[in-house]
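Shared chain: chain A. Partners: chain B in the first complex, chain C in the second.
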Partner chain A sequence: MVTVGIPRALLYYQYYPAWKVFLEKLGAKVVVSAPTNKSILNSGVMRSVQDTCLPVKVFFGHIISLVDKCDVMFVPAVTSLGKKSYNCSKLIGLPNMARALIPESPPILAPEINCEKGRYNLYRNIYAVGRYFTSNPFKLKKAVEEAWASNLDYQGKMSDEGITPLQAIDCQLSPDVNSSSFTIAVIGHPYIIYDEYVSHRLISQLQKKEVKVVTPEMVSPEELDAATRRLVGVPHWLFESEIIGAGEYYMETRVDGIIIVAAFGCGPDSMMLGIVQHRARELGIPILPFSLDEHSSEGGLLTRLEAFLDMVKRRERI
Partner chain B sequence: MSVGFPHFGNVYIPIKAMTKRLGAPDGEVIIPPPITQRTLDLGVKYSPQEACLPYKLTLGSLIEACELGADTLIQARGTGICRLGYYAKGQEQMLQDLGYNAHFLTLDVSHNKFIGIMRLIQDMNSNLPWREIIPAFFFAIGKLFALDKIEKVVQKVRAVEVEKGTASRIYREAINVVDEATGSKEVKEITKEYIHKLTQVPKDPTAKPLKVGIVGEIYVVIEPFANMDIELELGKLGIEVERTMTLSRWIKYSLFLNYLGVDEWKEVHKLAGPYVDHDIGGDGWESVGEKVLYAREGFDGVIHLAPFTCMPEIVAENIMPSTKEDIPVLTVTCDEQQSKQGMLTRLEAFVDLIGFRRRRREHGRRV
Partner chain C sequence: MKAYLGIDVGSVTTKLALLDEDDQLIASTYLRTRGDPVDMVKQGLREIKKQTPREVEISGVATTGSGRYLASVLVGADLVKNEITTHAVAAMQHISDVQTIFEIGGQDSKIIVIRDGVVIDFGMNSVCAAGTGSFLEHQAERLNVRIEDFGEHALRSENPARIAGRCTVFAESDMIHKQQLGYPLDDIIYGLCQSLVRNYLNNVALGKEIQPRLVFQGGVAFNKGIIRAFNEAFDSGVYVPPHNELMGAIGAAILVREEIEIKQNHHKSNFKGFGVSDIEFKTSSFICKACPNLCEISQISADSKVLARWGGRCDMWERVSES
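And then the complex of A and B:
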């Protein structure tokens, strides 16, 4: 049986259930790396160029931690999932960078998912991956269909029940029963806000302070998309609805405050957050931007968080 | 209507030429002042902190155009993978906040470029027939081709001239003369004349200059302010510079030959193939391929220019050291914090290094 390694970083938080079903139906065993910790982060930071953003460094750390635990690594290059909206370059070049920076890694399976190039190209790329496990095209087709179904199921579960990807993946069906009427939206890429080491457990810190936390995944993709179009028109990036769409959606529903979490040096975020901040100023909604890198400390984050919450609560009273 | 546009290398020359040729009234096209520290300061002040240098410089340039009264601004747009597609959105919002009521005309640089440019020109000169616009357009880009042709010679002469700075002085003169030329024939003659002048510059006959290729993101490679005149500084150190990325090349292929199925990057993409096999946006793929190309052609080094936080160039920077073709690469990150002295120190160290390597190769031992 082939063991396939999936790094617990970047697109893991969006597509892991689908990948797992796909690979297991093809008869592979799936290994996921451990949650991010200090040694994973450090090994990733050591390998990559200094200017690389934190989530990508973390990703390389996860690959290094999986090197002798699997026969093959699964790192899709997700380029485009819709008309003229692309992913960030670093995610597109991810398998190439991984091969260059981690030469000791087992072979990397890297299907290019590019809907711009048409259906045929997509099928051929998926088939090329499937060939590694099976030569039976019907088995492959079935695996793809089931993977797609589980992806829809996963997304639906998050938006219907209002739970985070971590809860949905681990099947802990205990949505946050915080009855507090005080709502804060945490906006950011899932690979930053749900990586507890990178985000310094931001979400649970907030919940501990009796705040109801809402995140982009708790809204259905269609609504996010509609909100994006209302604010900026046709999306330019694949994950634009995660940031701009979610920001706009939650601002329209008048949350009490917004925390945006970005990685330092993230190209797309540097543009999109400007637009969200501008909109928040227009609507008069408090906003707290966090820029995280490998040097950010939990203490500094907590201090700012407490000050922000005090400010928002006080505003409420007045 | 008065149209403003951001500075980008010599791009203002053809725009100026075309407006003159089409008989636009004074003040219809506003050429912003050349990029200076003030442009950068303005751009930095009003941009998101982590935006890239081209965004900040073009925003600064557009603000300066608005100050001169421009109400319609031209900016590039694309559905590429990098931030370029967002420039117009962000900048339009910022200019409105600043109180300039400017309208943006965007030029798509990833699809239908020729038609896009022609439409843009027609939008600006609403009542002119095509038979006047097209010859004016060719006359205008002719100037760009002439300047790039002269610059190619300048890059070679700078390295070996006896009195440093002569070639650059001639080049500056050529820019002014070409800018003022009024006919295609005149432009051709000027090109010939200046290339001749450059060949007459006294040169050191014994010099065997080191050769360095320049790769990287198109804006910082072409705009001398963004890269702090790196080519000129290399010339002063006696280094011959080669750079494939020029505006005239972009025009030649993107506007004409690509439609006929000629891909100027085909060879470069093939060379990059083992390391990057698909487009990663911006100029990242080309940077990796050109590194391999320069290594194969026996260059002594490669200088890689990238704006700070540029995504495609970071991918390229990560991949470059692992290529089989071995050639020293110096990555220079361009942003508003850079200092010329810091860059010069790094350049000197790099030049020493590649000089050592060449001597070792020639003598087969450490020297």
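And then the complex of A and C:
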């Protein structure tokens, strides 16, 4: 049986359930790297070029940690998922960067997912990956269909029940039962806000302070898209709706405050962050931007967080 | 007489302020932290004790500043509050029509935007310390000028030198260059003040709605050169409150008074008393090997009893200390 390694980073948080079903239906065994820790981060930082963003560095760390645990690595190159909307170049080039930076890695399976190139191209790319595991096209077709169904199921579960990807993946069906009257929306790419090492446990720190936390995944993709269109029109970046759409959605539903988390050095985020911040000022909604990098001290983050919650609560009282 | 103590342990200085029930200052100290916050808190308490009349009873203690958690364990605080909130509270108490607070301290600088008596926005410098007190101090040292005399020099300047303030490294090379060209010392010093203000406004205050009345507080507000630079940048000018350096500590004391008054005497202060100054505290650290994160856990103990631990990515060690 072939063992396939999936790094617990970047698109893992969006597509892991679908990838898992797809690979397992094709007869593979799936291993996932451990949650990010210091040694994963350090090994990733050591290998990658300085200018790349933190999540990509973390991603390489995960690949390194999987090197002798699998026969093949699964790193799809998600280029585009809709008309004229593209992913960040670092994510498009991810498999190639991984091959270059981590030569000791087992072979990397990297189907290109590019909806701009049309349906036929997509099928062909998926088929090419499937051939690694099976020569039976019917088995492959079935695997794809089941993977797609599980993806829809995963998204639906998160938005219907108001749970995070971590909860949905681990099947802990306990939504946050916080009875707090304060709702704070934590906005950011899932690979930042749900990576507890990178985000310094932001979500659980907030919950500990008796705040109800809502995140982009708790809104259905259709609603996020619609909100994005209301604010900026047709999105340009692939994952724009989880920042701009979610920001706009939660601002319209009048949450008590917004914490927007971005990785230092992320180009698209720096633009989107500005748009959401501008909009929040317009509507008079408290907003706290966080830019995360490698520094390990939580002091500055905690001070800002405490001050932000004080501000939101004092405003509320008046 | 009841009194409330605020302790502000910053990265460069430690401030203590004792207020009575009407928020009037009874006693205060302003000390350099010198990398040893434990000792400075003890010394500060000794000073406060000396200044305090005997009939005063300490009914509540609050800590703030970057060393607030450490200080709260040392003295037994009733409230631990971040420095943004305490600075805002103190300013609003003293200057009722304040709308913007500039606060520049040793290691960080903040802007706090207030409307109708409520904080509506704030900003803090990120990793860069170019717009802070330590930047000025460092440059003063280079120029062989005492930081206390910095302001006087700046006020004498007529043609300030333009110095890049984006980064300390650039500022330094720029400054040396200007020195070599023979610029007078006063002009270089004022140029530095202007570059700090420029950096502050372009960095920390970027995108914030700055409306008068502007209040400038924190240790750097002692520096007349910076005040001059701010006054040139804003027509309305900036107002420096008396006790600008104590505002954090004063805010903390006000907040703990409010909180205890809400509880109406059902509350007994956790304050361990001025005897804290004579206790021998020991700080140490170790690396937790429970998971690959290898967190550095620091702990503080007195009489071989561990008082508190922190520094972990999880609550494992913090919980141990409670039991």
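Everything that follows uses one rule, which is that the second predicted complex is superposed on the first by the 317 of 318 C-alpha atoms of A that agree within 3 Å, B and C clash if a C-alpha of one lies under 4 Å from a C-alpha of the other, contacts with A are read in each partner's own complex, and residues count from 1 in each chain.
We adopt the following convention: a contact is a pair of C-beta atoms (placed from the backbone, for glycine too) under 8 Å apart; a residue touches a chain by one contact, two chains touch by 3 or more.
None of the values given here were measured: they were computed from a predicted structure.
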Using the superposition on chain A, decide if chain B and chain C clash or fit.
fit
Which partner reaches more residues of chain A, chain B or chain C?
B
First (chain B), second (chain C), both or neither touched by A:51
first
Tell me which partner A:283 touches in the superposition: chain B (first), chain C (second), both or neither.
neither
Chain B versus chain C as contact partner of A:314, first or second or both or neither:
second
With the two complexes superposed on chain A, say which partner A:271 touches: chain B (first), chain C (second), both, or neither.
first
Using only C-alpha centres after the superposition, what angle do chain B and chain C make about chain A, to the nearest 10 degrees?
80
With both complexes overlaid on chain A, does A:128 touch chain B (first), chain C (second), both or neither?
neither
Contacts of A:37 with chain B and chain C, given as first, second, both or neither:
second
Partner chain(s) touched by A:92 [first = chain B, second = chain C, both, neither]:
first
After overlaying the two complexes, what is the shortest C-alpha distance between chain B and chain C, in Å?
7
Contact residues of chain A, present in both the chain B and the chain C interface
291
Quick check: in the complex, which residue numbers of chain A touch chain B?
48-49, 51-53, 77, 79, 84-90, 92-93, 96-97, 99-101, 103, 112, 114, 232, 236, 264-275, 278, 291
Listed in rising order, chain A residues that touch chain C in their complex are 34, 37-40, 197, 200-201, 277, 284, 286, 291, 293, 295, 299-300, 302-304, 306-308, 310-311, 314-315, 318
Touching residues of chain C toward chain A in the complex: what are they?
66, 81-85, 108, 116-122, 124, 126-127, 207, 291-294, 313
Can you list the chain B residues touching chain A in their complex?
48-52, 79-83, 85-86, 89-90, 93, 97, 275-282, 284, 308-312, 314-315, 317-319, 321-322, 333
